[in-house]
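Look at the two complexes coming up: chain A is in both, with chain B in one and chain C in the other.
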Partner chain A sequence: MSFALRRLAHSLFVLWAVVTILFLMFRLMPGNPLAAYINEQLSEDDQRLIMAQFGLNRPLYEQYVIYLWNLVQGNLGMSFFRREPVWDVLKSALPNTLILTITGLVIAYIFGILTGAWLATKRGTLAEAVIVPAALATRAAPEFWIGMILLTIFAFTFGWFPSGGANSAGAAYTSEWDRILSRDYALHLVLPALTLALYLQGLPLLLMRSTMLEILHDEFITMAKIKGLSPWRITIHHAARNALLPVATAFALGLGATLGGNVVVETVFSWPGLGRLLVAAVSQSDYPLAQGAFFLISLVLIILNLIVDLVYGWLDPRVSHG
Partner chain B sequence: MANVQMPAQSLPAGQGGNAFVAGLRRILRDPFSVAALVIYVLLVLVAIFADQLMTHDPTQIQFRANGRVATNQPVSEAFLLGTTNLGRDIYSQLIAGSRNALMVGVTAAISVAALGTLVGLLSGYFGGRIDAFLMRLADVALAIPFLPFVIVLSGFFRANTWNVVIAVALLLWPNTARVIRSQVLTVKERAYVEAARVTGASDLRILFVHVAPNILPLTFLYGSVAIGWAILTEAAVSFVGFGDPSRISWGFMLQDAFVSQALSRGSWNWFLPPGICIIMVVIAGFFLARGAEEVLFPKLRS
Partner chain C sequence: MSRSFSRRQALIITGATTLLSTTALTPLAFAQAAGDPVRKIVLITDTQGAAPQAYQAGQLIAQAWKQLGLDVEARPMARQAQTDLVWFNRDKWDTTMWRMVGRPERSDPDEMTFNLFHSSTAPRGFNFVGYNSPEYDKVAEQQRQTVDPAARQNLIKQAQQIVSRDAPYAFLVHPNTLQAFNQNVFDPASIVVQKGVGIRNFWTFIGATPKGTQKAMIINSGTALQAIHPLYIAGAPDSWMNELIWDRLVRIGPDGLPRPWAAESFKFVDDKTVDVVIRGDMTFHDGKPVTIDDVIFSFEAPLTTDKSPMFKPFVTDIDRIEKTGERAMRIHLKRINAAFATTALGRVFIVPKHVWEPHLKSVEGKPDTLESIRDPMNVGSGPFRQVRARLNEEVVIERHAGHWAAPKVDRVVLRVIPNAEAVVGMVRSGEINLLSEYGGDPDVLEKLSKDNPAIKLTQVTDVGIEFMAFNNRRPPFDDPVFRSALSAAIDRNVLIQAAWNGYAVESVTHVSPAIAFWHSTDVKAPATGIALAKSILEKAGYKVEGGRLRYPPGKKETLQPPG
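For the complex of A and B:
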């Protein structure tokens, strides 16, 4: 219990720090410090309204307090380019990013863990000589480049999957769930999720393999062998369970890179998620939207990290009681 | 990679020269490390002799014998890797890109390694409040989504390769710092550090003369991995369109190919080579790290 509370407090602290950095970063933008909220194309009345709402005519520390208060209430300002509240724009992109990330992660970790565990029992075989360098190469490749190759093969050469977007143009859906659960959406999801999974599987695969190799030499494994347990039982029940902890650690440490990497994958496949929104906002100098997208990506990252840590503490009691 | 569960083990201490030579010998016996060194040497040589290796000016539009612009040429003797949709020589761009990769990789590696080592040293040696503060800072840096941060930074400030290097340094030091810190914690308990303290050596002297040399191999290890990260990051930033427009990099080439519909045209000769070059340089860092791990952590030798 106290572990969960401590962990929550830590997350809140990190969130506060990130939010503060964000505040300073967008105030340090070149040009007018007010540029983060106001551009000249807005009408005089709108400008004055936003000035008052965000306290832009007051000293910096007051602006900071107002900024925090607005954030707590979910008020992220107005998008310059789209002329609607930032939160509304983000809300429509968030599910797409979450679905893409989680699908990619799940495929990558299931595949990586199973293949890595299997590979540990195949020392010195051809499978090892082929798969280990291949896994290293996918880790070393630019994520978007993997996407470009999949796109060329499966979308442009064979035409099996659509080349971009999340839904076919002109399709109408009764609800958001209806849209996400449609076959069309699933077809659009295949290539970006596969790109993400291909990029991510190397880490769990290699880590699972090396930890398994270490554990298979441990005394309790020898003991299990002496007891006459089947190799399968030893691999899965005794070795794999213990090898999962470092993989879980790596998973938590890798979340940041995963979410960040989404930005390029979403760009390659025109996937309407937060990353693509961020890129568009930055290139259009849409400060409020860029700030909002960055904030939401950070928030998702912090929440995912919190969940992973809590699960981890539950898996390995040494952590929560340490 | 595999550093996550690496046990904090002791390094061979106090026998500087011999340990270094022995380590070097071991590296040269490991085929992966040799491959890594070959890749690095090749990259440096190509970057140095780029002017001699290029067959065309990479930014110049090329013409065919009949005076037409040589657009989308296939691989040929005149154009070793063909040409872009605007008639630029892909092979020469690839060679020119090596300079950018080397520059970004090396500067980022040095800054990450230097910053991480310094923080790790101070944090591990002094402990207490300094340690708590620096490690909190590391937590925060790790919580910032990496690529979005770099994109915002290079998008809002003038597109410039140095912004990428700065951003990489600002966000990647914590990994190095944490490992160095745990190493310092064990090194500072050693008898010779104690001896130095008894003879009245100052903290700074102990830190930089007695402790630092023992953690230097780790610094190199993390530096070599940072080379790869920096090049990948530069490529990603260029790809989403915030790269330095005045420089030819492999990431720029990929972005150029992507927005010029090279994919639907199936111009493999355009977008395959830059990706392979990036993989080679990044994987060299992994290989070296893998080889170095065996040197640093003798328990892993089998």
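For the complex of A and C:
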């Protein structure tokens, strides 16, 4: 229990550090948020008015205290450019990003884990000689390139999938759930999720394979072999289960990292997600929106880390008592 | 006081000057030591990703200037950082690539003439280069106060000549706007090409006639929208939607001239009084009639309060507004403004008073403005009503059947597609049927049109300009001869071919040939060439020593290169 509390306190400290860095980073960055507001006749008074409206005329420490207090209350502020609450802007993009990221990651990890485990048993075979370089090449290829290839083949040439967006033009739905669960949405999801999965599968595949190779030489595997267990049972029940621990960590971290790093896939497929929003917010110096988006991503990452730590502690008691 | 020379006189003067400089002045120049070497010049460009054409042009220009003996650093900057430096730190940069984008309201030359170069806008406004010419100021002021079109045309042309002579900028190109539509979906005769703007314009949106069962117009934008709002100016695609949802008293016609719209008529009673009569058959999207009180409220909200700061500049010339009838009002101006119809009547949106007056009261005494208030229904009186807006993804507006000029299409769907290649695929597959903007390779689009006869390509010269702005405050750019020489070193044809792939025309003045009535054909493209640029510099006393260009004798370098 004290381990869990210690981890929770640690996570809260990291969260505070992140929000503080976020606050300072955007304010110390060169660039004036008013630069994007330029109107040929916007007077000095009008500029002052806009500064006052967003509290930019207050001293930095005051802005910081207000920012922290708002955050504690769940208020992420008002976007400079959208002129609406940051949460409202983020929540329109968050479901699309979560669905794309989770679908891509799940496909990548299921494929990576199974193929990695299988490859570990195929040392020195043709399968290894073909699949490992292929996985590495796909991992190393730029996402936009993979995306454009898939678009060219499956959208432009065969017309099997749409070329972009999350829904067909003008499609109407009764609710957000109705939209997300529609066949149209699923069809739009296929190519971006596949691109993401192709890009992400290399890590779980290679990690699983190398961990499996180590474990397959452990004494308890030799013992299992002596006991006369079938190779399948040894691979899946004994080796693969143990090899999953680092892959599980990679999944949790990958989810957090991919959540905010989908800019390329989102741009290639015109997918209305958090990544594009984040880039636009940073380039416009829309502090509240950029901070809010980074905060959300950090929060997800920290929570996932916490969960992984706790689960690790439960799976392997040496971690919690170490 | 303005001077004008005939070509013959100019040649005589140039010849005499050349003779003098080579006979009398040259020995004197030889007698004196050359001035200090010109410091390193920093040329700011856009980043390659953000504006590949401008970036490429900047690189080519830097190479040309190096041939004059200048140490030039072409420094790419993100747009925001570039704007921040150029706009808010006016004495801390040398020269920068810049652009004025084409907008329908820029079809009137006032903004380009007055705001860009009048000295009053130098400290904070659009004259960020700090050009200061009392002669020019006078002409720019006169054109604003001259209501007679022929007399004003003359003044606008004079202004172009002065700018051409003084070279506060090196004008580069007017880009060509490349767009396309599917002529199997829309009757080509119903697609309107607006001068300087192209086919994505108000008149196409209301006039495009579907040929078959496809009744929706599907257009694209490369960037997400920020806000659909009648009192807030955000990005370009936002304004496309705004002007369809909210009506204006006046709209800029396909010819670039203002024409009555929600105003049945507007008339200058005298130089400073305008009578406006509105139409009697207008309704808002919620069914309520549009009254003269709504129109007066729409102008008075930015005029009499500080709650609509972005629209305030459009009404600054208004002194007061008086209701003179059930459908009539009289606008009293503080000063004469020849472009009033375009810059005020053609800019302010008519908003429903019954929706916005309570909002205005709710922000009284608070730092908030109307810009952060949302009307979820976005009630306007324009030819389209909003159906839904997912600003990162798609906006859908539908035909307002009760409008007196109801559109022919049922709906307009604006899709946010940042990938230019995907846009081409979508045009081919019919997922987009009017390509409203395109940032990709023009040849790809040309090929698409050749392979698919249904895809009709259109190309117009933009009202906007791409130019190299010189910081007129900082030596050596404070010297018009130096600026002219640098301008002469730039081969515009090379830029057009190498940077704009041939999709641009040479720019010689700040008034685009797209608005032919105001464009001066008397101002010719200056001769260019490195040899010519060198000779201009030499005649003014600049000298190359040890491969470095030096100031004229006695001139010290007082500045450091921008950090």
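Everything below uses one rule, namely that the second predicted complex is superposed on the first by the 277 of 322 C-alpha atoms of A that agree within 3 Å, B and C clash if a C-alpha of one lies under 4 Å from a C-alpha of the other, contacts with A are read in each partner's own complex, and residues count from 1 in each chain.
In the analysis below, contacts are C-beta pairs under 8 Å (C-beta built on N, C-alpha and C of every residue); 3 or more make two chains touch, one makes a residue touch a chain.
Here the structure is a predicted model, which means the values were calculated and not measured.
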{"item": "First (chain B), second (chain C), both or neither touched by A:142", "value": "first"}
{"item": "Partner chain in contact with A:83 - chain B first, chain C second, else both or neither", "value": "second"}
{"item": "Which superposed partner A:267 touches (first chain B, second chain C, both, neither)", "value": "both"}
{"item": "First (chain B), second (chain C), both or neither touched by A:156", "value": "both"}
{"item": "Contacts of A:277 with chain B and chain C, given as first, second, both or neither", "value": "second"}
{"item": "Partner chain in contact with A:75 - chain B first, chain C second, else both or neither", "value": "neither"}
{"item": "First (chain B), second (chain C), both or neither touched by A:242", "value": "neither"}
{"item": "Touching partner for A:121 - first (chain B), second (chain C), both, neither", "value": "neither"}
{"item": "Partner chain(s) touched by A:18 [first = chain B, second = chain C, both, neither]", "value": "first"}
{"item": "Shared contact residues on chain A - chain B and chain C", "value": "30, 148, 151, 156, 163, 267-268, 283, 285"}
{"item": "Residues on chain C engaged by chain A in the complex (per definition of touch)", "value": "78-81, 83-84, 87-88, 111, 115, 121, 124-126, 216, 218, 223-224, 226-227, 229, 232-234, 306, 309-310, 312-313, 316, 367-369, 371-372, 374, 387-388, 390-394, 396, 411, 413, 415-419, 421-422, 425-426, 428-429, 431-432"}
{"item": "Residue numbers on chain A that touch chain B, as the complex places them", "value": "10, 13-14, 17-18, 21, 25, 29-30, 136-137, 139-145, 148-149, 151-152, 156-157, 163, 203, 206-207, 210-211, 246, 249-250, 253, 256-257, 259-261, 263-264, 267-268, 275, 278-279, 282-283, 285, 290, 293-294, 297-298, 301-302, 305"}
{"item": "In the complex with chain A, residue positions of chain B that touch it", "value": "1-2, 4-5, 136, 139-140, 142-149, 151-153, 155-157, 228, 232, 235-236, 239-242, 251, 254, 257-258, 263-264, 266, 268, 271-272, 274-275, 278-279, 282-283, 286-287"}
{"item": "Chain A residues within the chain C interface of the complex", "value": "30-32, 34-36, 38-46, 49-50, 52-53, 78, 81-84, 92-93, 148, 151, 155-156, 159, 162-170, 172, 267-270, 272-273, 276-277, 280, 283-285"}
